[in-house]
């Protein structure tokens, strides 16, 4: 029942990786991840991101990307599948859909 | 007064960021408000527990010195991520306080149980 | 209607301060209530009235002030973070014998207790980490 | 006046840091001092070259807009790390300017040749 | 005897400001010359005179000032970085109609040209990145 | 002839990895690496550091650690072999032994 908010590129922080490890180990699948700011680079088909993408694919929890942060970075087509794109209104709604928001840096 | 279960996670290495010191400040303030608090060291954050830290002359604040006195503030729920020290081959180092280890599954439970998580 | 406390950790020119500002606008637009903005660590620089960025850059500090004043938001600046970084209100300027206050209008200096109060009183607390 | 070969490397992703903007400021100042300058985009820094960046309304400065005008300042030695776009599967994206690619070996040479490197 | 220019990118409470200070002391102790200290980006906060950290913390800004004054070092604060962050000298305070200057004594505000001059004039330029 | 200065933990920056890739590809072996601040964590025998240690072992260039930053972090025994420890005086001397200092963040 937690929205996990991550804002760093996987090249700069192990936040997404650690968050995925916790969610994998969890008995509860009713959480979600929202990638904002530089964390949207996690969705690039970079070989360095492959292990993350494998983990995300196996996860029961959904993984979101913030639209405005993709547009800012000029990222459109070349993203890996399996992410859902939301805008700021969606970000606010997700914050309410879950019981709490936990930020990772 | 409403009580909120507050989980504070320290994930940043010592001296690399001001966030761990901020986490302790939030913890002490929450304790003063008599909220139920859990403190967890995760990932690189476990390195705050190493007692050999000597920052004399560095100009940097060493927050590990404040950890043994947490008990005085009635903060007794202090944990670290299991294997985080062992992975770094630091399992034989002396620690500033003895804390229980939590598996990733137990960490997931602690997060689930909390009303608010400050993950610094 | 739900109530939010936002914790702003980022300096005016950081991405995270800008994300927090956009999020705050989206919260208000959706008809929800902002119980408190809490400026913490480098986030306190958003409350500095001396900032004068060059004309091709946004003045994030002014953008926050505009939002705060338009919606009469409670905007609290952490006192310990602020003093350490040289942001003072009139009372502190006098106390530390500094030449002037540089706290921007609309912001108020207070303690971390206001953050814990935010945790207790609001439906959601969102941390915008640096 | 003594001339120094200055190599400026942009390695940080757009919007994540103020260092890339600082690198451009250093570059323009060095150009005003008529120093020989080379600019290289490496690693995540190559993403500054993507022309689809739209930061309108974000409050963030988009430095890619300044890149096409570097020629006006007689900065014509602009390169990027070979494969850095391809590794990110961004090789088909439109770029704000066409730049030559350098292999790691050529990057090592450029570093060797420089009197001063600003690696931001 | 060799000459050094040190570029300080880190805020007073950052590790990189502290590293730069320790390095500067070691340069002088080894009998070398510091041609210039250049405070850039968040490094300009080291030149703020309003900083009042709590008593259990070092005042890095004062530590820099002490070193600068004892050794009569040339300590330049980047003007664009400083204005953006609300650090002003008396002339700028007047120009931008701010209540006071908050530039600490011993520091001088100037342009990025002083950094390039450092590159041209000194034997080594060392960047202490944030 | 360059002293490469690195100050970030390998968990937070690809600087050391990118620097090693450049040095591997270089025809010239007269450079060195000095790890300061959080970069000293690169010397921990953490499984995540193994690939870096392999690269360093093969490199002709020496790799240094700043003593004061090790002490601050309470790191003594448990470091991988192959590094040389220097203090601030050594850091200044290394800066002069090479033609220039290049910082990576």
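First chain written, first letter: the chains are A, B, C, D, E and F, and each begins at residue 1.
The working rule: a contact is a pair of C-beta atoms (placed from the backbone, for glycine too) under 8 Å apart; a residue touches a chain by one contact, two chains touch by 3 or more.
Because the structure is predicted, anything quoted here is derived from the model rather than measured.
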Could you tell me which chains are in contact with chain E and with chain F alike? B, D
As a test of understanding: of all chains, whose mean C-alpha position lies farthest from that of chain F? C
What chain is the most remote from chain A, judged by the mean position of CA atoms in each chain? E
Same residues or different residues: which describes how chain C and chain E meet, taking over half shared numbers as same? same
My parser should flag the chain pair with the most contacts; which pair should that be? C-E
Starting from the mean Cα coordinates of chain C and chain F, work out the distance between those two points in Å. 39
Report the inter-centroid distance (CA atoms only) between chain A and chain C in whole Å. 26
Cα centre of chain B to Cα centre of chain E, whole Å, reads 34
Multi-chain contacts in chain D, i.e. residues touching at least two other chains, fall at 15-16, 18-19, 43, 57-58, 60, 115-116, 119-120
So which bits of chain C are touching at least two other chains? 13, 15, 22, 57, 80, 125, 127, 129-130
Quick one: which residues in chain A touch 2 or more of the other chains? 11-12, 14, 37-38, 68, 100, 103-105
Listing of all chain pairs that touch each other, if any do: A-B, A-C, A-D, A-F, B-C, B-E, B-F, C-D, C-E, D-E, D-F, E-F
Quick one: which bits of chain B touch chain A in the complex? Just the residue numbers, please. 11-12, 19, 42-43, 103-105, 107-109, 111-112, 114-117, 119-120
Chain B-facing residues of chain E, complex: 13, 15, 18, 21-22, 56-58, 60, 63
Of chain E, residues touching chain C in the complex: 11, 13, 42, 45, 48-54, 57, 80, 83-88, 92, 96, 98-102
What residues on chain E touch chain D, complex-wise? 40-41, 80, 111-113, 115-117, 119-121, 125, 127, 129-130
Chain A partner, complex, touching residues on chain D are 13-16, 43-44, 47, 50-55, 57-58, 60, 62, 87-90, 92-93
